[in-house]
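Working notes, beginning with the structure itself.
Labels run A, B, C, D, E and F following the written order; every chain starts at residue 1.
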Amino acid sequence: MAASKLVEYANAIPEVRAVYDDIMATRKTDWINNFWKALANDPVTLRRTWESIKQVMAPGALDPLTKEMVYVAVSVTNQCAYCIASHTVAARNRGMTDTMFHELMAVVGMANETNRLAAGYQVEIDGQFK
Amino acid sequence: MAASKLVEYANAIPEVRAVYDDIMATRKTDWINNFWKALANDPVTLRRTWESIKQVMAPGALDPLTKEMVYVAVSVTNQCAYCIASHTVAARNRGMTDTMFHELMAVVGMANETNRLAAGYQVEIDGQFK
Amino acid sequence: MAASKLVEYANAIPEVRAVYDDIMATRKTDWINNFWKALANDPVTLRRTWESIKQVMAPGALDPLTKEMVYVAVSVTNQCAYCIASHTVAARNRGMTDTMFHELMAVVGMANETNRLAAGYQVEIDGQFK
Amino acid sequence: MAASKLVEYANAIPEVRAVYDDIMATRKTDWINNFWKALANDPVTLRRTWESIKQVMAPGALDPLTKEMVYVAVSVTNQCAYCIASHTVAARNRGMTDTMFHELMAVVGMANETNRLAAGYQVEIDGQFK
Amino acid sequence: MAASKLVEYANAIPEVRAVYDDIMATRKTDWINNFWKALANDPVTLRRTWESIKQVMAPGALDPLTKEMVYVAVSVTNQCAYCIASHTVAARNRGMTDTMFHELMAVVGMANETNRLAAGYQVEIDGQFK
Amino acid sequence: MAASKLVEYANAIPEVRAVYDDIMATRKTDWINNFWKALANDPVTLRRTWESIKQVMAPGALDPLTKEMVYVAVSVTNQCAYCIASHTVAARNRGMTDTMFHELMAVVGMANETNRLAAGYQVEIDGQFK
């Protein structure tokens, strides 16, 4: 079988449970989504990835909602179905309205379009942008 | 020669000048960047793309700075050098500070990483995300 | 219907059967996976692709397991679900352990992350790398 | 040094010269572009790639110009600067006019845009398309 | 729930119905595929995207079949399952035969391969291509 | 100006110098490449990224050379010029021969090709791969 098994809390080793506990506490939720349960097969990567995500997604100069919408934008560009589904829900939970989602998609679509127009027309970078 | 010539204002046909004028008026600037000068070889696409960008990037439920940062996030994900350069400047002009840029890059980097972890571990979408 | 029909051995023309026979003999297996059954709709591409794969994946300066892991790395980067599933199994069949898979995913994830950091920060290539 | 050296005809081994000769004869040209000179560091891949390209790009149910335009479309989508430059010239040499190029770019741009809208809105495939 | 609801004709506001009517009239069909029903949650993007697609895909210097095949080539490169399914059907409806489809896939595959060979060998653009 | 300034050791704050020192000690080298000098504008990301890379690229079930070649494979797939240049040199420094590089590129090329053939032919995942 190719796909990794999901590590449930009940069967997890203490190092994994500690990460799960921190995820649930940080996110004020009582469940763990499949991404973490799959990563838990590798407790070192689980911890490193969670610590990185926790640091990166924390409020800072950018608010958490903006960060989640950027996450959705990248995931959509990369065609990652899991990430689109999970981060769209996360963004909604942080306050993304329908209208915000629609505008986000419109920007992501246009950026993907003009990225190719710039490449195809072989546009040189303006001196003002260097 | 492969690359398209750049259409300067002085040599542009009226349809192109009209778009250039609108770009400069909308952006409150007195110059046109190479992307538009290259697209101007195809006045129909020039107009359509400009009208779409103008609509999509206008203030709405998302503010123009957020939209520019999303544009940067997509362009970075796609490795479009021209678009990264131009939209990073545009985002700075709209108020993106160094710290905001750093946080943006951190999120874009993490999203690109976890997009692949989700794919590689073949994680199924949780029922809660459907 | 958009998807291509799968060409089963029983219904295959001799040119296709010859490739199927070679695939099974080379791989020491008694079945053909769907990728080849779909390609068999175009016997010329089937043969060319199989001959290329056979040459490229044969033991050389890189061993077959390393090659399969590289295949997984590319497939994960491209979000190709079919290729991730099939080449992860192929790599496991060639000896990839859980720990090797976990380390492979960690490298793929980091590479995808730093590829974007390098692009977003617009890092110039060092003279030492040219 | 990271980049591969270019193998010039004068210094090439017979296997490489044979491919170079076939490239020039097939393309009715008297020079070899850098892509092949770089690949020539690996004569096996040089031959395999050239034989594949020659077969794939030959006139068939699709004419050579259409094939070159598809090559440009893929290269633009992938942001491959070398391939965009070389295949745009190849397409022009086969008869791509300015207007055809502009329409090609418009389609490539729109496809890249709607690919993301379909992903972001998580659109399910219609029964009619299966 | 993450995925957007589909807007059926019966429940659509007049602005959406007007676009649906135009899609069906332009395409000489009596149904609307899910892509548009999802976009209809944002009537402004629905109209803008439809108007753009209608303009871009209309017969011009490139015929509609060629344009649909380019659309497929881009969608395959981007691994967009919805777009591959829908535009492959659209291309077939415009006359793409099995043989044409097979040749299209062969070109798309080769272009994706050589795009990476050019990048990996760090091939410099020839003066003749600039 | 869009691109980030490079932070030289002489002008670096202690937190940055500490990372630079660790990079040079770990890699047994006396210089810092531009990637880190650019990231150093954000000392938090600099440290997090370096700590992650150091952990991920350390010898484990996969040897450091294999890991560097996987890094190259991903970077080539993503068309990241900086990463291709830097990690190709890193792989060579760890023992990648010309022949190994050529085989690596051949695998990366084929994987990118067949990833698209699998997508374009809409191949369903075999039960044996699930």
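By our rule, a contact is a pair of C-beta atoms (placed from the backbone, for glycine too) under 8 Å apart; a residue touches a chain by one contact, two chains touch by 3 or more.
What you are looking at is a predicted structure, and each value in this text was computed from that prediction instead of being measured.
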What's the minimum number of touch steps needed to get from subunit B to subunit D? 1
Farthest from subunit F in C-alpha centre terms, which chain would that be? E
Subunit F against subunit D, contact positions shared by both copies (same if over half, else different): different
Could you compare the number of C-beta pairs in contact for D-E with that for B-E and name the larger? D-E
Distance in whole angstrom between the CA centres of subunit B and subunit C is 34
With chain centres taken as the means of their Cα atoms, state the distance from subunit C to subunit F in Å. 21
Roughly how far is subunit A from subunit C, going centre to centre by Cα mean, in whole Å? 27
Which parts of subunit B, given as residue numbers and ranges, touch two or more other chains? 1-3, 41, 44-45, 48-49, 52, 77-81, 84-86, 88-89, 99, 102, 104-106, 108-110, 112-115, 117, 119, 121-122, 129-130
If each chain is a dot and touching chains are joined, what shape do you get: line, ring, star, complete or other? complete
Partner subunit A, residues of subunit E touching it in the complex: 1-3, 41-42, 44-45, 49, 78-80
Provide the residue numbers of subunit C that touch subunit D in the complex, in ascending order. 1-3, 44, 48, 52, 55, 129-130
Could you pull out which subunit F residues touch subunit E in their complex? 72, 76-77, 79, 81, 84-85, 88, 104-105, 108-110, 112-117, 119-122
Across the complex, what residues on subunit D touch subunit B? 79, 84-86, 88-89, 92, 98-99, 102, 105-106, 109
In the complex with subunit D, residue positions of subunit E that touch it: 2-4, 31, 33-35, 38-39, 41, 45, 49, 52-53, 56-57, 60-62, 66-67, 69-71, 73-75, 77-78, 80-83, 85-89, 97, 99-100, 102-104, 106-115, 117-119, 121-126, 128-130
